[in-house]
Structure formats: C-alpha cells, structure tokens
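The structure is given below, and queries will be raised subsequently.
Chain IDs A, B and C follow the sequence of writing; residue 1 opens each chain.
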C-alpha cells in the first residue's frame, strides 16, 4: 500500500478512535483532571522539597519546573500516540491481537492507529502554563533559535519515549507481558528524569545518555536552553536529541517487527 | 486445482511446567522447565473451490492452530500450506486480501462506534472500491437485514445482530475463502437458522470456499458435505459426513406406542431402554436385526398404535467416535 | 477458632499464589530499587555534602529514605487498588458478599500472605545487603526495633483500610481517575514517605500531623532513625492506633454502604 494511502487511512482510523472515546465523556474529563492533578502533585512535591534547601544539584525550583514541563509535553504526545502499546499483552492473551494479523496492512501501523488518546491534551495545558510561568520567573532569553530547538527536542523526546513504549510492548511477544514492564521499568525511569540527571551516580547518567536515552528527553535539551552545566557530558550534547530520537525509534520499530515474527512462530 | 492445500503440517509449542508445593514455588522463582507440546502433528488435506468443510475436533485438538496457520497468523514448524496459491505466513498481507475471518466469540468491529463506521473503516483497510462496497453493502443489508442496526454502536447489538454484522464485514472485500470459527455460538434457534441459510447462500452464489470450525453438529449437518475430524493434532477422519453416519450410525431407535397393554413386548435382537406408560424406546443394531423384523415380533402379541424409527444424530456419532476411538474405522475411511 | 483458621487459609493460599507469579516479585523489586536510587540521589544532592540539615544528620536522613522504600515495598505487595476496582466492576466482590466471611478482612489476610512471600524472598535479602554496605544508622536498642515493627504494622493497617475503602468507591463512582490521583499524591507527600515532615513548611506540617497518612511512613521511619524517641514513641503509636481504628470504621462504613447497594440494586 502506498504511503499516502497509509496517511489517509491513519486519519480515518484515528478519527474513529476519537469518536469512540467521546462516547465516554465523564471518563474523559476525569482523566484530564487526573493527569493535571498528578503532575501538579509532582510539582508541589518539588516545591516542598526545595522549601528548605533552595536548590537540587544547582538547579532551582523554577529550573526544575522547566525541566519537568519539557518531559510532560513530550510525554503528552506519547500518551496520545503510543500509550496503548503497553497493553499489547492483553490483546495477545485474549486473542484480539490476531485481528490485526488477518488484515492486509502493516500490523504495527494498524495497532498504532487503533487508539488516539485525546484526554492527554490536559497535559498540554499544564505544560504550556508552566512554560509561561517559568519564563516570567527566570530569564531564559527566548530567541527564535531556542524556540525552534525546543520544538525539535520535544519531537526527539516523543520519539525516544514512544520508542521505549514500542520496545516494552515488543516484550509481550516474548514474555506475554508488557503492561507490567511499563509499570516496573518505564514508569520509575520516567520519574527519574523528572529531576536533573546530574544528581545521579555517574553510571546512571551514562546509562540514561547512551543505553536508554532518557537524558535526551528533557535533561540535555533543558541544560542547553537554561545554559546549565552537564558534568561528564559536552555542553552541546542536547542538540543531538532529535537525532537520538529518530535512531532509537527505528531500532524499537525493528525489534517490534522481530517480536512479531517470533509471535508468529510461537503463538501466544 | 485445490484452493487450499495442506501437506504434513506440524506445529510444536514450548510450554512452561508448573511446580507444586511451597518449595517448588520458591524454586520456580529461579528456574523453570519447559515441555514440548505438539499441537498439530502431521495433518494433510486439500479443499476444492466452493466446498464447505466442517473442521471439527474436541477442545485443544489443534483446530485453531491449523486455522491460524492457514490465515498467516502462525508459522508452521514443518510442512506445506498453500492458500489460493499463496504461502500465508510468507505473504501474510496478500493472503489477508483473499480470506475473510470471523471469530464467533470476538468481534472484529469497532466496539464503541455505530456499526456502519466499522464497515467504512474496513472498506479503507481492504481498499474496496466504492462501487464494490456499495454493491456488497446493498446485498448484505438485504440478506442479513443490517439496516435495522447500522447506526447502533456495536456494543449495544444483540449477539445475533453482531454475528450478522461480523460476517458481512468479513465478506466486504469479496474474499474467495471464508474462515468461520463458531459462527452460531450463543445464538438462539432462529438466529442460528438464519446464519446457516446465509452461509449456504454465499457459498452457492459466490462460490466462496468455507472452512467452518464449530461445536454445533447441526451446523455441520446442515452446511457441510465433508468434514475433517482431528484429535490430538492428528487427522482422524476426512470424508463425507454420510459415510460417518453409515459406519457409526448402526444403532437405531424404534419408538412404539402400544394399545392398552402395559406389558413389555418380548423381543429378540432389540433392547428396551426406556418406557413411559405404553410407549417404549427400543435400541437395535441395524446389521443384526431390521426394524420390520422387530415390528413383526411386537405385532404378534400387541397392537401398535404408532411408531417411529430414529436415526442417530451426528453429534452422538461424534461423541461415540471420541469415546471409542477409531479402531472400528475401515481402512478406506481411515487416513 | 474456625474463623481464624479460615482466614489463615487465605493467607497461605496467597503466599503460594505469589510464588507462581515470580515475575511480579522480581519486577516489583526492580522498581523499588529504582525509586530508592532516585530518592537516595535526591537527598544526597539536597544535603550537598553537608553533615546535617535541620538538626538531622545526613546518615539518618539516608536511613529514613531507605527504611521508607522498604516499607513502601511492603505496602505495595498486597492486592493492588486497580485489582479491587476491577473486581468491583466485574462483580466478583458482589459474589463474595454471599460467602460466609468478612470481605475486607479476607483481603487483608490474603495480603498478609503475599506480603510475607515478598518480604522473605525479596525485600529482606535486598535490604539486609543494603544495610551492610551502606553507611546507615541502625537502632541500638532492641526495644526500638520492637516499636518500629509495631509502628510499621500499624502503618500497614492504616494504608490498607484507606486504600480498600478507596477501592470500594468504585461501587458508587464509575470513574475515579481524578480522585485517585489526589489520593496517591496525598499518600506520597503527606505520609512523609519521601520528604520527612520536619522539612515541610510549617503550615503544611500542621496539616499533615492531623491526617492519618503520617502514620503510614513518617512515624515508623522517624522511630527507626531516632527522631521520635522516648515518651514520644508511645504517643505516636497511640496516634497510629487511633487512626487504625478510625480508618477501620471508615472502611466498614464504606463496605456496609457498598454491600447495601449490591443487595438493594444488585450491584
């Protein structure tokens, strides 16, 4: 099927997904409220933490908020596009995944287009408000270049975290588990990056830079924009964020397809 | 040329062993053992265009594993599969265009959306042309009565409606082959009958080959001329349904209503296994004694008011085969 | 006696069942470690080389976090909230109403089993190693150990009652998403699980001491590192007991309303 046809199909599937979601309006609004509360909770915790200490590894409260907002913004897009990947295990176990395999289109594409979680727009409100607030509190010196870089690194962040969700869902092909991997690995790892990576042991920083490139989601780009020091890493490392995202996502996709062929040889 | 060819098909799975007891539980934290399970051992058959095949067997016999290999969901461990000239697992997407699949227990429709939207999405997914789509929808709407619920969300459909919608959805792209997995499960008698009529119709009108897996022997009896029976991953029988009946359906039941007398009629060759008032149920083996012979015996002492001879249903024949095994099958039938 | 044996059977069954889900054990331990790493690093960075802050030594603070993570491992090993909500939604809990036992108590005893399995096979070995290799403070007197264990157990009961009551809210609300997040936030911040109450702004500390959450982590943690000591220990445990009873009645109230709803409206 030609690419253009796929793009067209994607929008059709996605709009169906959105209409399906709007069937449950109350749940939809509760989710928006829930997401905003959860993030406000983390922000409040940061504030309480710095109430007596002023700074965390040379990062002030507002700098941390900025760091956090970048993570939330790209994560918001990830939820919209990829969050349902984590429950691939359920699809496999109750047999509904086979449905994607009896259709004449790419199963990855089909599965991805199956859901489109609009409720996460709540996150955008949250993170944009924070960007505005932080810009008033500290002098970021926004330039056109910085804004452009922020957008590019958010795309990088989407690809990195989306890639990780894809990787986690691929595990379901081998272990028939994925949701759990999300909660035990990715969820805590995502929490790690809510704080500047500089506070962690060197090995952890290295790991989040080169193995599971969480550092490129928010820490490295934020350090570039806020002109913070990144010990152990060159100052310009943040500029690689979009590229890292692209490569990482491609690897994740490749592993997912590998898992799919394994699924086809072992069943569930 | 057959439309489906399966040769020496095999599929093995690895299954984790479960430990028992407290120590076993602790041990399984570290190490787990696996055993090999042969879901499909060595199955061969071929299906001609336009046939309706009943693919049956008890749970866990390897039915759905075979179907998954035919639809390209599973790659066989060994053996050959050709579906409409295509190897399904090598060319899954192409194969998908040739087949329609209905899983009775799982819908392929979009649960929360009005039914019509699922059809529209499937039209896009299968790239069905506008005119084809319109033509098919017109036919299905008429034959399956879809219009009464096209605007209802799928989750609000009755099971019968949902099955009708599902089967229409699977035929939207005019596949030459249709896989039906339990298409009548959970339906009431009327809905079942409707479903069967429809399957028969599309099979005849469009020359669609149908592979039907079901537990409902009435489906088989009413729809198929041929059945493939598998158990423990091996093919046990492949042939006409009539022949199975012939071989295993030797037992008949004669039901007689007698006038006045409540005394049991004396019989040789038959056995009374149930009685209610003056009605008697007599089981006999057709090879040993004929019905008319029995009737003649009874009329010597009693007056018969009414009588019927019942043939066994395929269901009881199958359960008999499961119980007794296949050793009684003659070589011409056994494969 | 018979009652006791029946509940004990739930405990045993849950213990055995945990073993089957070996992956759960390892994975939960993994995530527990990541969070330990996170909060350990955060507090190391906050102290930034200082020996003490707010009258609490760095060593004591680090111990506070390690103990807190240990306890949160225990508190997270029982039936998770979503599972209870799921059981409410599918009607499984409504069926259990017909059985001859107290449902919240049945789940509590089942939790004892899975928690025991998790402590023995995962938490205890890991944290013993941590205590050996890290510079942490350990209570010198055996009496402090006893108080700590009692306080930790009380904290477990408080958490169980609150969480279970919360889970049963699904009987009345179709969607609890938003409230759930407020609940988790209160549970993590106001319980002092990651920031001890003495580092709170004064007004927030005042709020926190009047809430049950501090009984879950703050009190046992603080007893362990000796920040709560002497007569204060018994007073704190007394407060905990008050909350155990209060939360138990809250749970009973919610449960009675829920079962009433099941009986009258059929779920």
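Keep in mind that, in the parts below, contacts are C-beta pairs under 8 Å (C-beta built on N, C-alpha and C of every residue); 3 or more make two chains touch, one makes a residue touch a chain.
Please read these numbers as outputs of a predicted model, since none were measured by experiment.
Colleague: Measuring from the mean of all protein Cα atoms shown, which chain centre lies nearest?
Modeller: Per-chain C-alpha centroids compared to the overall one single out A.
Colleague: Which chain's C-alpha centroid is most distant from that of chain B?
Modeller: Centroid comparison gives C as the farthest chain from chain B.
Colleague: Could you put a whole-Å number on the gap between the CA centroids of chain A and chain B?
Modeller: The separation of the two C-alpha centroids amounts to 46 Å.
Colleague: CA centre of chain B versus CA centre of chain C: separation in Å?
Modeller: Between these chains, centre-to-centre, one finds 53 Å.
Colleague: Report, in whole Å, the distance between the mean C-alpha point of chain A and the mean C-alpha point of chain C.
Modeller: Roughly 29 Å separates the two chain centres.
Colleague: For the complex, which residues does chain B have touching chain A?
Modeller: Residues in contact with chain A: 13-14, 39, 65, 68, 71-75, 89, 92-94, 96-97, 99, 101, 103, 106, 108, 110-113, 117, 120-121, 124-127, 153.
Colleague: Spell out the residues on chain C that touch chain A in their complex, using ranges where they run on.
Modeller: Chain C residues touching chain A: 23-24, 27-28, 30-31, 34-35, 37-38, 41-42, 44-46, 48, 53-54, 174-178, 180-182, 184-185, 188-189, 194-195, 199-201, 204.
Colleague: For chain A, which residues count as touching chain C in their complex?
Modeller: 26-27, 30-31, 33-35, 37-38, 40-41, 44-45, 48-49, 51-53, 56-57, 175, 177, 180-181, 183-185, 187-189, 191-192, 195, 198-201, 204
Colleague: List the residues on chain A that touch chain B in their complex, please.
Modeller: Where chain A meets chain B, its residues are 1, 5, 8-9, 12-13, 16, 19-21, 23-24, 94-96, 98-99, 101-106, 110, 261, 264-267.
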